[in-house]
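All chains are identified by letter, namely A, B, C and D, in their written order; residue positions are counted from 1 within each chain.
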């Protein structure tokens, strides 16, 4: 090896001038640290979008909807920047809540929580919401559940029908769940009951003991089938948690089923977790290579950043770069 | 207010001398930062153990079993330092794996993952395992599932029966799942399918399409009933994730059901997450007060530390302090 | 207090559309978590720029220059978005290095460091540089030192003269140090010797034992005088470290000297550190209020983010918002 | 390579039983993640102590003295577990403060800082102190400075004389600075003026403009000479910051001076920083190998943990393991 193997590509300091978000991202490509990684993630995502027969899975965690990231997810769905969403229950619950006309509020992370409690205000870091309104949404979900058939549903089926219901209730168009319903983008929530949706389900169960069931095994089966039918797959994780592992493990499941996908072909993660605690949320995509979850030749970018910073920047940069793109 | 309101209690620098783990923890009580918090967590847990009619819930996340924390959890169960466990599927899967005589290995976080992949080695940060052996355990679980009845099970029921099965297979006594079965400590896994146990379930499903179902709504109902029957409750979180929220939300569910518990009475968390990303895992117990999940008067300690450091220290300190305690 | 005290200001989800960086920042003002904080920091900085008789101090840490942030600092200096810079030695050393025509290179954080060492490549996370070239710059600094008078210099004087020297050597115009020299913006480096500049100074010392001295007490005195002469002050920290505390403590020094400034009036920090370890770098501006370093009524924004993400975004947003501003 | 290359060494789950701190550390050696790293750090330090002709440098950052870690540092000095200390000014200032009979107090990180300010209380996360008393210590230092000769001092000389002064003032024996003075352990403070000691120096300067100077170049020279005279060197970092880099760079300085040490031979760090922000505090010892700061064959352990947890545990484990050791 020669020294100049390592010095092909000088950094180019970013200068400040009139330019667009996409142009700024391009400039950040020649810098270092997480600024560069953010830029690389945009390029990797953009490349995914230009691949043929590639299915893009997004894992969504963190309180992204309360934090105002809802219309960005909507944009990703409607413009087919993702093909399948795996989410926490919380994000979809909060989406229903806003779809039904209720709000989250700009609050403060320094508020006195006892005072908030007395005033019926729930706090999510620096965002507030009204407890009573949450209970209204809980009950609305419980009522909806009563109308379901007495049979097992995958979370995807459940969310599809809930999206339809919210649309019929006049839920506004900016809703993730309504838009996924209309665009036929599957949404999986593997830990559905760990959220206010689960609370709604539990209320319904106590009121009516029939067998409206969320069948999580069906979830594994359905998402694995999507992977099995895809020539290639790309994964994008907002945070980590259950959605990350749930998507990662599809490669193991299908390999055990005898369908060797060879691991996901692209992998992007925006996370605030770190590798050295050994958890799945923070682990590198290199570690995932050892398991066969990620292909040995995959393009992999892990960006350490709050997703409430990354999502606005990245979505606008992609908007600019993919204006005339029609994915197939 | 007078200045001396704030200066009642001078710090006492820790001196180095011959002393036990419990004595060191006592000394750390008069220091600052996370060292003091670690000590406070031991005192809070110890206090919980001396309360009458208090049920202790533990949420377990992170790859604690691969990292060698298995017998500590076992100790907590057998000596009734906890009354109910909510875990990720991964930890219980890895427990089964070791119970059946297989191992995890001391590895390196700097290993070349492509080489590991070629050699059939899976990496969890600096711990290794053998992929083929994992698949054996997957299949064993799939076989066990076939023997179940065609009806919905809560994850608690499922894990109880799996514990029984592992015992009958001669699974060793150091197993969390076997010991929980014997001691009748309920284990819930709300996102059961998000783990290799889920892989086993999915294999079984494809082989046999009958209705062996994991019913997560039943989980919510069952754990809420435990809370409702408890005079007081204490919660201890190793990490965060779904188990944390799942235990936290029991207070909301029972309040909606009309049984006002007033929030958990003690709360301890050992975590590497932080509050300012707005996620549920890192959020403070103060924030949880606004939601009514934690009582306004609860004793609350959040310690920012890798649980693989906290668990050995804390368990040994409690061992020392609770030697002659018989909980009722 | 009424519930609606807390619900005056609903969050507004960011929609994806054609807009500028400044407009995106404006949209992020109505979201949550660090995305909102980033937006608030832009507004606070912009407000500072519209204050009369306010002096803006910037503390600069982290390997910002190797990471390609050099021209952004240059922009801040030339357009007077800051009035005084306190830096680590490393950043100014790396600036001299690039000013003299040498480069940093886009590398990889996964490189094998033994191979790099054998090839004479130094790594800074994912940025590379050539060790031999660093030694050239070290020696150039040592030669420059030889020309100084045998008397104590504050680091500010030293850097001023070094800027002049680099300019005369034909150092390019994109240099922080050259531009600060030309624009008469003071640069302090309180821990000057803790960097390759210090290495140059130590080489010079061994070659020539006369008293060319860096007098850090003079630094404290000089920067305190700037504070004392300012009606108001604002502080902006990139990272933390010595520069943060050095600027913070000016308020204590001048208060002890009998000049009560009442604490800095604006405070912004972009940091990856956190409060709960008790260190100065991560501590909140609230904590600083207890010390009298920050005014009780100051506008304070702490953003948890890699500065290589924050600096490009924030500088371009400010560029847009302050186009026609002439600070006085 | 064969699979069994990777599976030589099974993890051994820690069981809970009656055992000492040193025995617990031994048990943690066979686990994973930061728990194992903590154990490995004890073994590496212990090995260092058994080497002949090895000089141990400790870098000390973070508010360790306010957090009650003072007597642990004292223990390390008195029992020669370290040979040279490089510290922030703050830690030594707080040590003087306690040596003179003043205190830090157990406080709360949730206190209202405006109320603290009104009551003259300074907060360091969850530790309190009395502002007026700090000013007394500042003035005491200013008075001491007046007695110095009008010549440049290295920070080491200065601290040595200050230790002597504190001893003469009857400063108690638990003091780091007094004990280092008595045991002739050099203490360097490269950024001396960035602390309340610097405030004392600045007060003295204004009162008396003569040339009592802290000569930081002399610091670089002196510490490099210690390295040059050592056959081998080991480094232990509590946190990072200037002390870490200052010790790291000694290898570069001496190499430029023609004395090739080949990099430090042992390296331990207890830190809460992480590598991926590119800063010096969080960077890995592997990165340092590329620079030649750490030997390619060095034993290197980086532990991600609050030092207020690590120091009590590690010091007691070493106490146990080195009882009969006489270092030479």
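Rule of thumb we're sticking to: a residue touches a chain if its C-beta (ideal position, glycine included) is under 8 Å from a C-beta of that chain, and two chains touch if they have at least 3 such contacts.
All of these numbers come straight from a predicted model, not from anything done at the bench.
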item: Contact-richer chain pair (by C-beta pairs counted) among B-C and C-D; value: C-D
item: Chain of greatest Cα-centre distance to chain B; value: C
item: Separation of chain A from chain C, taking each centre as the mean of its C-alpha atoms, in whole Å; value: 35
item: Geometric centre distance via CA averages, chain C-chain B, whole Å; value: 43
item: CA centroid of chain C to CA centroid of chain D, Å; value: 26
item: Junction residues of chain D - those touching two or more other chains; value: 32-34, 63, 66-67, 111, 116, 121, 124-127, 274, 276-278, 286, 304, 306, 308
item: Complex interface listing, chain D residues touching chain A; value: 32-34, 274, 276-278, 304
item: Complex contacts: residues of chain D adjacent to chain C; value: 61-63, 66-67, 90, 109, 111, 113-114, 116-117, 121-127, 131, 135, 138, 152, 190-196, 198-199, 201-203, 205-206, 211-221, 224, 239, 241-242, 245-246, 249, 252-253, 256-257, 272-281, 283, 286-292, 296, 306, 308
item: Residues on chain A engaged by chain C in the complex (per definition of touch); value: 1-3, 5-21, 24, 27-28, 30-36, 38, 63, 66-72, 75, 98, 103-107, 110-111, 115-116, 119-121, 124-128, 130, 174, 286, 304-306, 308-309, 311-313, 315-316, 319-320
